[in-house]
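Take this structure first; my questions come after.
Letters are used for the chains, namely A, B, C and D, taken in the order the chains are written, and counting of residues starts over at 1 for each.
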Amino acid sequence: MLRTAVIGCGYWGPNLIRNFMACRQTTVTWVCDQDAARLEAALRPFPSVRKTTSLDELLAAEDIDAVAIATPVATHYPLAKAALEKGKHVLLEKPLAASIAQGSELVELAAKKDLRLMCDHTFCYTGAVRKIKQIIDAGELGEILYFDSIRINLGLFQNDVNVIWDLATHDLAIVDFLFPEKPIQVSAHGLAHAGNSIENIAYVTLTYPSNFIAHFHVNWLSPVKIRKTLIGGSKKMIEWNDLVPAEKIKVYDKGIELNPMEQDEKSRLMVSYRSGDIHSPQIDSTEALLLVAKEFADCITENRPPLTDGHSALRVLRVLEAAERSIKSGGANVRIEYP
Amino acid sequence: MLRTAVIGCGYWGPNLIRNFMACRQTTVTWVCDQDAARLEAALRPFPSVRKTTSLDELLAAEDIDAVAIATPVATHYPLAKAALEKGKHVLLEKPLAASIAQGSELVELAAKKDLRLMCDHTFCYTGAVRKIKQIIDAGELGEILYFDSIRINLGLFQNDVNVIWDLATHDLAIVDFLFPEKPIQVSAHGLAHAGNSIENIAYVTLTYPSNFIAHFHVNWLSPVKIRKTLIGGSKKMIEWNDLVPAEKIKVYDKGIELNPMEQDEKSRLMVSYRSGDIHSPQIDSTEALLLVAKEFADCITENRPPLTDGHSALRVLRVLEAAERSIKSGGANVRIEYP
Amino acid sequence: MLRTAVIGCGYWGPNLIRNFMACRQTTVTWVCDQDAARLEAALRPFPSVRKTTSLDELLAAEDIDAVAIATPVATHYPLAKAALEKGKHVLLEKPLAASIAQGSELVELAAKKDLRLMCDHTFCYTGAVRKIKQIIDAGELGEILYFDSIRINLGLFQNDVNVIWDLATHDLAIVDFLFPEKPIQVSAHGLAHAGNSIENIAYVTLTYPSNFIAHFHVNWLSPVKIRKTLIGGSKKMIEWNDLVPAEKIKVYDKGIELNPMEQDEKSRLMVSYRSGDIHSPQIDSTEALLLVAKEFADCITENRPPLTDGHSALRVLRVLEAAERSIKSGGANVRIEYP
Amino acid sequence: MLRTAVIGCGYWGPNLIRNFMACRQTTVTWVCDQDAARLEAALRPFPSVRKTTSLDELLAAEDIDAVAIATPVATHYPLAKAALEKGKHVLLEKPLAASIAQGSELVELAAKKDLRLMCDHTFCYTGAVRKIKQIIDAGELGEILYFDSIRINLGLFQNDVNVIWDLATHDLAIVDFLFPEKPIQVSAHGLAHAGNSIENIAYVTLTYPSNFIAHFHVNWLSPVKIRKTLIGGSKKMIEWNDLVPAEKIKVYDKGIELNPMEQDEKSRLMVSYRSGDIHSPQIDSTEALLLVAKEFADCITENRPPLTDGHSALRVLRVLEAAERSIKSGGANVRIEYP
């Protein structure tokens, strides 16, 4: 039973607590937050868990094997570093850290201490993404031609990071998880409003060595949530709508038609809504965060890297930093540097 | 009663014929196509209409006031020029011509001859776009922040023009129609496949003088049709899904929230699907092409420019040419030149 | 080429004219309506068709092989009888006639004269219903357990027949077409409003010899159109939503689970939205009425009964009359009499 | 702080535990289930709660003010009776009891002991139903003409009660909550399969003194969940789709059109998908069960009947018993007896 301490009781922390309590392999022994009232509220259902507003008290506790950190990104590095130095395994909210430099240092420190460093790229643990990976790995889509994602949020402005750091991180983690090929350059267009310089809408285009393109539309300027991804292949296409519980994934069993077609066939297509059949596979609906908790416990027990380890999280940071430079330069293509 | 000749019986021609026959102000007297079988099939329901495979015969006919041209874009210029020179008013399928130079010449020729030159930017005549214009003009959205369109087609590869010329033309016509402000630069990313250099997927970003951004995703690589547009304002947002007949337009009555919010409010939003109410106005379902026919007849009768005149069609061409240069250069921002 | 006369230019007549003009095997030579203005408007696109307000003139015309009747149901019998007596084949809008007696007489008269009598049960010619029939006939659903249909219209009150005669006729034609088994009794509940005795909402339950049940909800009291049918079998279920063009038919690949299940499995299901995969087959989108025109011409040429012949239409009338008696008696089960 | 004991850890019990732990006014002190493993699993996240497999031990405990019972319906009566006799307030899962006689006795016993008896008609506490009540009470719909509900479940066969007792209970609780008028007779048609006599599909029609009709389609024979309700009024109509999180409620702002209309208007409507505008109000997304917990605590503190008290639950039982008699008699109208 992995004894976990959760740091941060904002939006995500309570979800971590609930799932680490529900998972058979984990429990929560301590929770820390600077705001006592928030701490109180988060732990109302869990009177057995100890609470503290002092990080030092938490890190000094004996009954903690691992720390899960759900705080603003600027604090990831110091908190994770302190925990690793105390010999605790660490699970970090995405993105891993505020810079490549910070992220690299955490990855190295964990390696040196032989501790697990995992990033909570939650989407990689959803039934939908796991099913998509399975379809892609089976070669069903044929050659993958594009990945197109729309991720629009409910007018929630952050004041520490821009919309790319906040939302595109999910998409970057997903493409890193799905495709072995890694992007070589990025172009990002976007806008800030309201007198600050934090972009709230952005379009991000990733260029790959092969003839594959990835594009994300991320946006805080919306009163409606949209989570829609298209993955087009030469044989089939996947449409993933994360907000339609009963039919998250549809596989269109026709790919593209590269040969010129007859006028009649063309006219018929022009008035159609689609060609080919659709297959919508059943998706495992286990809460992703429960699987995150389980993977964190398992990778520690089995002494192996977690599915979403520091290296994958670091690749995401590399794209984020390049995208930041691109958006500030008005959309120029910026090369992504790998060591 | 405007006596019209239709040139071209491919996909769109028969729709023109049907609507010009149904409209009270117009009729079709002649139809011309090089393919006699296609001509025969297109006119089966309309035995009263004369048919010819000879353009000369058509242009020589006495009982023609105007010509509607629905042929491949490369032929627009010579056909329209010949018709104008014979003193016929001209309706052209979009895009107006294959280049700014050709388009300009047609606009000038029509002006010199005092004939009407209209471009069939059909979407501007749909109930949906007319309703959107009404909402925007009434100021309901507040300051307009972004226009985002997805226009995905059923694996229909053209072999004369790329996907931007084919599909983004619709979006360019729509933004030209909706917003007085005109774009100043364009960036386009995209890919060609199948051994030719004709892009079949593209992302187009328009920059405007103000803090407004327009973005189009156009794509032939899909077995499913998508037609979805978001128009975000500081007060409200419009979602236009052209393929949901009963609810094409939804107006979300909450705009963006630029001020930082309390943690509680933020947490509440994070688990919500939307904020604010939705209003879905009733849309006039008159076939857009019937209104195109009527506008063409009316602008001739009233001796005034049509709603979608040569000048607007020319502005669309200016963006298309700039987008073409951008996509060939890998996405660089290209300035749009206005005279 | 079948030379057809169309009688009635109300809502449906113009659709008949358009499709009989477009079909390769048929043409329209005459159209008759008592309202000259309506006649004028309906034939504006078809100046080649002769028009008359006189039934006698129409029936006297030489260039007519068959008559298609799209008039109020009370006039079906006299019009069809007159046409059959003049030796014309007859296509009648649904329902065939205003009573079993009238319908039987028409069927007998057509047989005696060796003429084709066809009822325009349009839905049986749609791509959706043809696909459903194919799935059922292949045994994919297993034992069929229920047929459930919702057919809700846009507040369109008829003043001649009630909502069962108007809307449930479609469903009765469909179940007659899909299933060899015929219903033995019917129960109908419903209500009239607005001071007349014409029911505008009704629930109709059909009992069959086997353990199969059919139920229709028909309704004029709605500002939104709904057309949704469920067909449940022991192995699979079909969901047919006629208003979602891209996905009219979904086949759920799980049937019912008749065995008691474990608590865990049960809990998992309780929070799920569905079990099993969905398959949505591509549907032929040819306009059903074009196939009606073709079938009418073909059955005459081939001297065989049409797919939706007088006998099937008469079976529908038998249920309608029984349903009428049931609804007037407050929902009692009424036996359906077959000869 | 209301100290609550939960009896039953099947599907619903854990939800009660979680919400009674999260609610500020309540806590869970004890949980009882005959199955020790299930008890163990249910309390994993809540190590502070005491557990027992002995009802006697639970009822003997000092630190219990109230009991929440989530067990099979046959056990409701003895468990609730025992709790009331020990002086505990009682919350019962729906339906209240297995018969009117049992339910009446519980209501009387609670009254005699001056204890609160509440039935967990959860839907009455959802944001959707509360919003619907608000709209109806404000008179927005005009005269209410019909209530039509579809409630289809995932092939989950119960072996103690039929589908009406299981699912229609929700709808009966909702109509009892929404409308002051009470039904006077009920007709139910349905079928059992698989060799037992427990109906798994049923159609229930309620007759009211006024010209109002309610109809429920309840069904276990489905691999897909459907939860859809229409409430039609003379002025407006509500469509409630409980499975579309972002748009659960749509209000169509056109009622029915009782006057005959012109042919043109009629033709226009026939090809439309809807008339009038749609308004989709924002719905409070607080989990209903949290509000159930709060109401239970509040009604005890304020010494007043709960919103969903024993009397309303008893009215639901009266309809259930009458519906049972109707379905067994093949659908006859059965009068509902009120004392």
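One rule holds in what follows: a residue touches a chain if its C-beta (ideal position, glycine included) is under 8 Å from a C-beta of that chain, and two chains touch if they have at least 3 such contacts.
Not measured: the values here are computed from a predicted model.
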* Could you tell me which chains make contact with subunit A and subunit B both? => C, D
* Structure fact -> Taking each chain's centre as the mean of its CA atoms, the one lying farthest from the centre of subunit C is chain A
* Asked: Which whole number of Å gives the spacing of the CA centres of subunit B and subunit D?
  -> 52
* Structure fact -> Distance in whole angstrom between the CA centres of subunit A and subunit D is 39
* Structure fact -> subunit A touches at least 2 other chains through residues 224-225, 243, 245-246, 272-276
* subunit D-touching residues of subunit C, taken from the complex the two chains share -> 10-11, 38, 145-146, 148, 150, 152, 154-157, 159, 187, 189-191, 193-194, 200-201, 203, 205, 207, 211, 213, 215, 217, 219-225, 230, 232, 236-237, 239, 243, 252-261, 263, 266-267, 269-270, 272-276, 330-333
* Give every residue of subunit D touching subunit A within the complex, in rising order. => 18, 21-22, 24, 44-48, 224-225, 243, 245-246
* Structure fact -> Note: in the complex, subunit D contacts subunit B through residues 245-247, 250, 271-282, 285
